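One chain, subunit A, links the two complexes that follow: it is found with subunit B in the first and with subunit C in the second.
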Partner chain A sequence: MAATLTTSHRRILLRTGLLALAGVGAWTWQRHLATSLHHTAIATGLALFLTCLALALFNARKKLPFLPLLRAATWTQFHIYFGWFSILLFLLHIGFRWPDGPFEVLLASVFSLVALSGVVGLFLSRTLPSRLTHHGENVIYERIPALRAKLQRDVEAIVLKSVEETKSCTIADFYAAQLKRYFDRPRNFFHYLTRGQAPLKGILGEIRLLERYTNEREHAILAELTECLHAKENLDFQLAGQGLLKYWLFVHIPLTASLLLLGAFHGLYVFYFAGGLR
Partner chain B sequence: MAEITATISRPQRWDVPFDDKMDADAVDRVLSIPPFSRIDASQFPKSTPLRDILLNDTSLRSFRKGEIIVREGDYGNSAFFIIRGSVKVTLGKDAIPAALLGRRESRKKNFFETVSQLWRNPPFPEVRDTARYQAARAGTRRGDTTSPLPVPATSRNPFGRATEAKPAGIFLSDVPAVLKGGTATLSAGLFFGEIAALGRTPRTATIFADEASELLEIRWQGLRELRLRAPEIKKFVDTNYRKYSLENHLRETEYFKDLSPEELKLVADQTRFETYGGFDWHTDYKKNRDTNPIERLRGEPVIAEQGQYANGLILIRAGFARLSQKYNHGERTASYLARGQMFGFKEIAHNWRSKESVSLRYTLRALGYVDVLVVPTAVVEQYVLPKIAAEDLPALIETKHEAENLISPLEQVSGKLPTDFVEFLVDNRFINGRATMLIDLERCTRCDDCVRACAASHDNNPRFVRHGQQLGSYMVANACMHCLDPVCMIGCPTGAISRDAAGGQVVINDTTCIGCSTCANSCPYNNIQMVEIRDARGEPLLDQEKRPVTKAAKCDLCLEQPAGPACVRACPHDALARLNIRDTDTLAAWLQR
Partner chain C sequence: MKRLQPFDFKSSTYERPDQEWVCGRKECGEACPLGPDLKGKCRTKAECQPRKDGARWSCTRPDSRGGKCPDGPLPDGTCCRSIPPCTPRRSVRARRRMTVLLMSALTLGGLFVALGHPRRDTFFNPGPLTAPHAAGAANCALCHTAAQFSSQDWFKGALAEGSVHSDSQLCAKCHNLGPQSGLAHNLAPATLSSLTKKISGHPAPPSGEDGEIVPTDSANQLACATCHREHHGRDADLKKIADASCQVCHAKKFESFASGHPDFGSYPYVRRTRIEFDHVAHLTNYFKNARAGQATPQCNDCHTTAPDNRLMLTKSFAANCAACHLDAIIKPGAKGIAVLAIPGLDKKSLDAKTAGIGQWPGDADGEITPFMRQLLAADAKTAAALATLKDADLTNLSTAKPETLAAAEQLAWAVKELIADLISTGHAVLQKRLGTSASPAALGQLPSESMQAFTQPGWWPDLLTEVAAHRAGLPPTKPVPPVPKAGVSSPASSATAPVATTAKPAATDDILGDDILTAPAKPATPPPAPAKPAVADDILGGDDILSGPTPAAPAKPATPAAPKAPTPVAPEKWAAGGGWQVSSADYTLRYKPAGHGDAFLQAWLDLTAQAATENNTTARTIFDQISSASTCLKCHSVDATPAKSAPTAALLVNWHANTPAPQTHSFTKFSHGTHFSLLDEKGCQTCHQLAPAASGTNSSYTAAFKDNHDTAKFISSFQPLKQATCAQCHVERAAGTSCLLCHNYHVGDIAVAKVRTGLTH
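Showing the complex of A and B:
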């Protein structure tokens, strides 16, 4: 069995084992504090806040690429495993029950959203790259609008050519009725999330139907349009996938900033009522 | 609309001479010495007259006894002609301990300079200090051969290549004691260093002055013009090249190292020089890269063919060769060879020991320009093989030709890399890369952190494009590969693009770059961009004719950054690596992570 494990698998197993050990350690520590009649919430809360602060430093590291501050890949690994650890700390901190005070509910909700967005981000970054790679031509995100505009111009040229060459408006009418809106702007974002290709298959089905009523020259033109449809579908997929990979951070990072602010306020508040500032 | 006022003079070749101390008298002196005295100046075009070449592309240099002239392993951009005195060439690898060579570390930013990039980086891309260009241009004296400028001794141009290329006077105080191997002497009237300069390769030996000597240093742009226009120089250099490089090369080759000097000379006398393909291989490659692979393969000159008797041991001296094996109607690439590697040794050694002889198992083809040495089989059998211990000889070849054709096309033919990957690397000439940017697209989240990190480290403009040729999940991005054979350096009129002497990275001197685009056009991989430069206010710099001033820009492997390549360090998913394609072990390990 061990022989079939790759280095990467062994590394993941080791880190997961260490995470489990850290979790058990944290739980034992919390139980020890509880039996010693200490304020377990303050200790776990402080540990949780410091962990969140350390996790947030990853973003600061990204802004300083030229400093010798370990490789970003190493930071990512720390971020992932400390992230999981912070969830364990959070559960210990709230005593495995949802809080009832309005501020605590707000704080717990923000933490949960940060954690959830982090897990979603991790899932996306582990699954989408492979799908993007093997789906079709890889394109740079920022170039997609220009490529889409060029594709649209190409399609319009093909349609105009069809009118000139075949003296028939069948394909042009079909383009105006069915295809134009498909090429006009990005489409079917949510379908791509679920790996669905129903919209494309629908249009391709209509093209196949149209082939029954067209001549050989028109078949060739429809084949060119089909090729463009596939290219457009790839552009939409790349836009959706790469967009998701970029923009989940726009949820995760602002929420993290809010969490740190709320957490600091929460800490000071608790400290005050515990008699620390009086 | 803001008025554009930033205007500078358009940079020209020889704006920055190789040595601003060269004057008309010095040129006259050089022209009185053979073989320069025999050159017919009328063969040179008006745009690059002989006197201007000598004035702007050469430097007269004096060396004291024991002073190091070139160091083994350094990348040379110039050749030397001994005018007076003599020099010693160290024989054998690492003949002088590295600590005594005074090798200069590349200039890295210190901690404060690194941190200060946070606030000192200009807000606009490609901002340049215009005063630097003006200061450089103050030393201009192109075509000034009849009325030399009085150049005071204290006004050495700080931007010239000569200043940068010169070692900082490292001496070997007690030569016999520090030498591990022997030496050979070169006396007045000989060239040296031209192999490294013209071949864009590292120096193969350390050379130091044997007595007080005067040398003419010629930067390779000038040497290339001299070879092109003056047959006397070409013949002189080529004869020299054959005479002195061959024995050195053989001596450095693994199986020849135990030969006595006499045996080595006998072997060298019978060794043939053969050249395949053109020196400017990149132009043919650009033309043919989209052709059918079978056609392309047919266009590659055959050096040795599968199935033939191994007539000689082939040593690759320069360039790249494809090792391929017949498969159905085509040939599949098994591997690639480059400088220092050999072909046919296993077969020759097998035939020498075994009654059952084998023919060559692979075909060797030139990928562009290839320079080879052929040591005849009889010579190898007589002098080389008997000197090798039985346990050091390669294993006998198993002769099962039938089985070879049953291997799946994608199965690796030899080595550790899958065949399709080897074909991909060879077809696209990525085998040239010493620091090729490979991206694992299964891991890359397209976050562009690598691009942003690169921009943050380089004038707010990334020096690569995260896009390029792709095979399956792997992409070779458009980033300078710091090639083994950097053809981008061919034709640079000022020598602005050169190798870093210490690390061998291909770097561009922004001050001496005239924005002619020659390097960008020569790069077969499109990894050099021409960028329009700006002043500190972010306004584009224009020349007197109101045309934007451009400079060549490319990856420099973050030579000045203490942490190394920012792109690699910035990748959060460990998807990006800079790899030497010849290091197949590391490459295979990276692919199989």
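Showing the complex of A and C:
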């Protein structure tokens, strides 16, 4: 384990060092251009646009899994480090000051949102999978609705069974009053984002209170229900976590498309006014 | 924990997240295994599609869906468990793809709307302009040639040759830096290269496309926008540039002002002073002399700051020098400079061997003055005659060759015509003959009364008639018997207008038409200065040019036993204060400077200095004559300056000390005013320390002005400025060390931004 961590850390350190080196190189290059009175914004802007294009190719690569273009994990690493590098290029491009022109403000805002969503996505993809793995049963995202429906049917079967076996509607009433809405649909999305357990603990507390008024058989049924509650809580957690891992891309990728279009137009515009490509 | 997800073959379904559509019942956990078709239509009508085994239909429901149903297919082969159609939904990936397309469409649509919008320029403006340019923010085409084309040309323009250089032409419409505005430092490459070599010992660094250091075009032109970056806010500094940028091109690179900056050399004494003033001699000797009691050796007694606080100016002659030097300028005993004269000619020989030269004083023996030579040379024939007579003795032509006699005759009549033209036409003749822009005011100080002296008896009484006849081709009149020469010479009325005005009849303004010399006018307005001698020997009577043909008999007492008239004042004494004087002794009209700033001398010195090239010795002769006869050039230095049209250098008289020319930018700038508060008890001598001089005079300083017109050859009265003096304050954290703090990039004459204003009704 120690050897694995060391290797992992060494790899991260190496990549971070390369990133820092690239950053220093870019900064030196920009200073050299600025000193020699060249339009640094054109040079850094062109580099930034090409970097963004390279970053966008990652999404295209995912759609072409059959091509032997390195492993997806390698592409991911490139995407992450090039993403950080693009942020540095962006800062160099704007000269560490927020632009003034309406169009440039729009462009800078879009880039910032793309970069921010990328950083958020990186954070989610680095933290959520382990939490999802260690939280409970790992389920496929697309199956969650079906599993939730199946779980709800199982719970209703247990409740009906309790009425038949105990001739008491205590648990059924409790289900109708407290549990049904919990099993009806996904719950407590934002609590799971913050690792909150309060809703589940609240329901479990209600069950513990109910145990005071039930017999042994009903205790066993309540235990089954408790197990179902944990399963539902896991399903909700999986849905929230995996949903986040999927839906942050709804911000990142569309904005990237917009960024590339705006950036291309910006480049043409600047080249036109700054005197062309030559 | 209860496990929900089976992975066995029978109970586990196969997920297809890449599919465009998913079953509408998926959210309920009841998605059909077949799912929608590619177009998003539900295609499931029952839980299975029964298979016909021989004559019977059998159920095909998969085990994952519960296996074969107990009821089995209907007799017609359809499933007994029909499923109502659902409304398929797009998959997560499909929805993301749709979002991308929608966002792209919105972006492109927004761009096209913005491009077609009337306020397009405002939207695409990359940032506010600086305050002076802000008025043009709504019209990009004012500063960008690219904006003068339509949007359809953008792609073409973006791939074309740079337009920043053509944009610079638009800058130059207001900011005129001259024809070399695009070149580094506004200097021709050859000049820049020589300067670089002079400073660093190396030739200029390579430039252009082959060895480009900074972005230039094929003609080595730098665009204005290379350094002046707009659209960075109203308060942006368009002149801001990093020090390191200066050193990119500069051959001599250094770390900072305190470390490695090139030595100041002789700065700020890069040329000799325009006014020859020996600071060492004055401060150490003259100011201590009791005679100079009014002079106090304080720098600001003689110097004051210019309005822009930059240069130190020298106060006027009246404030600084007059107390001690005014008397020497007037020079009471000086005779004056001969301007016009009747030259000596062998009239007898000329009358005998030529057509004759008319009246000519037999005892005239003077020479043609340089002034006259300059004026006469304007006529080609006379110029040729002057050349022929270069070495001839005009007073003895008895053995002269015919061509010499002809030249002498030509010269004689040219002289007469010159004088006659001056009398009859006035100062216009001077300007016409000089063919220059000589100041009429300066030349106009020649009073008409003085010119009338040439027509007095004994000179050329019939000059105008003779010249008219000569020009008409008529022979000259017979020589008249010699008229007794006037016994005294008469001072012309002072060159100044008041004298002429005094002699002028009150009834008329025309000094030539209603001649002031006529008799009726004369008695009424006697000259004020010699008021006493209203007698025959009066310098204004007798042959006085002001007396005219009518003698001043009415004023003369008829009594034979009248007391002896006082002796008239000598012309030199009369003109002691300066002005014009007529000398009958040598038939000459002279001029004596009237004081400091004499306009006549200044005009002729300027005129002849400009023409004093090696090819124009006449001008140089006049220049030298005026120089020696006056004290002007004792203090006012003369520089050699490249003549505008002459092949060799002309001269330039420095009438003023160094004066600021706001439009002229040199490489170095310094503001005296901002440094005054930093001076200690040594005051100006903190920086300007006198050069050591053992004898109390800086003789080397004055020697550099003698027969030297090269401004670079001089010895300063002060020691060169020490760089360490500046470096005391000019460090990074104090006064700063920016290159542009003390240096200009653009050098030469830089006009302020043009204002295009027209007066309209």
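The working rule: the second predicted complex is superposed on the first by the 271 of 278 C-alpha atoms of A that agree within 3 Å, B and C clash if a C-alpha of one lies under 4 Å from a C-alpha of the other, contacts with A are read in each partner's own complex, and residues count from 1 in each chain.
Simple rule for what comes next: contacts are C-beta pairs under 8 Å (C-beta built on N, C-alpha and C of every residue); 3 or more make two chains touch, one makes a residue touch a chain.
If you're wondering where the values come from, they're calculated on a predicted model, not measured in any experiment.
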Partner chain(s) touched by A:132 [first = subunit B, second = subunit C, both, neither]: first
Which of subunit B and subunit C A:230 touches, first, second, both or neither: second
Partner chain(s) touched by A:140 [first = subunit B, second = subunit C, both, neither]: both
If touched residues of subunit A are counted for subunit B and for subunit C, the larger one: C
First, second, both or neither for A:261, with subunit B first and subunit C second: second
Touched partner set for A:72, first subunit B, second subunit C, both or neither: first
First (subunit B), second (subunit C), both or neither touched by A:269: second
Contacts of A:246 with subunit B and subunit C, given as first, second, both or neither: both
Residues of subunit A that lie at the interface with subunit B and also at the interface with subunit C: 138-141, 246
Residue numbers on subunit A that touch subunit B, as the complex places them: 6-8, 62, 64-69, 71-73, 75-76, 124-125, 128-130, 132-134, 138-141, 242, 245-246
Footprint of subunit C on subunit A - complex, ascending: 34-39, 99-104, 136-143, 145-151, 227-228, 230-231, 234-235, 246-247, 249-250, 253-255, 257-258, 261-262, 265, 268-269, 271-278
Of subunit B, residues touching subunit A in the complex: 109, 114-115, 117-118, 441-449, 452-453, 456-457, 465-467, 470, 473, 475, 558, 561-563, 566, 568-575, 593
Parts of subunit C lying in touch with subunit A, wherever the complex brings them together: 1-5, 13, 15, 17, 22, 26-31, 92, 95-96, 99-100, 102-104, 106-108, 111, 114, 122-128, 140, 144, 146-147, 154-155, 157-165, 167, 213-215, 222-223, 225-227, 231-233, 241-242, 244-245, 248
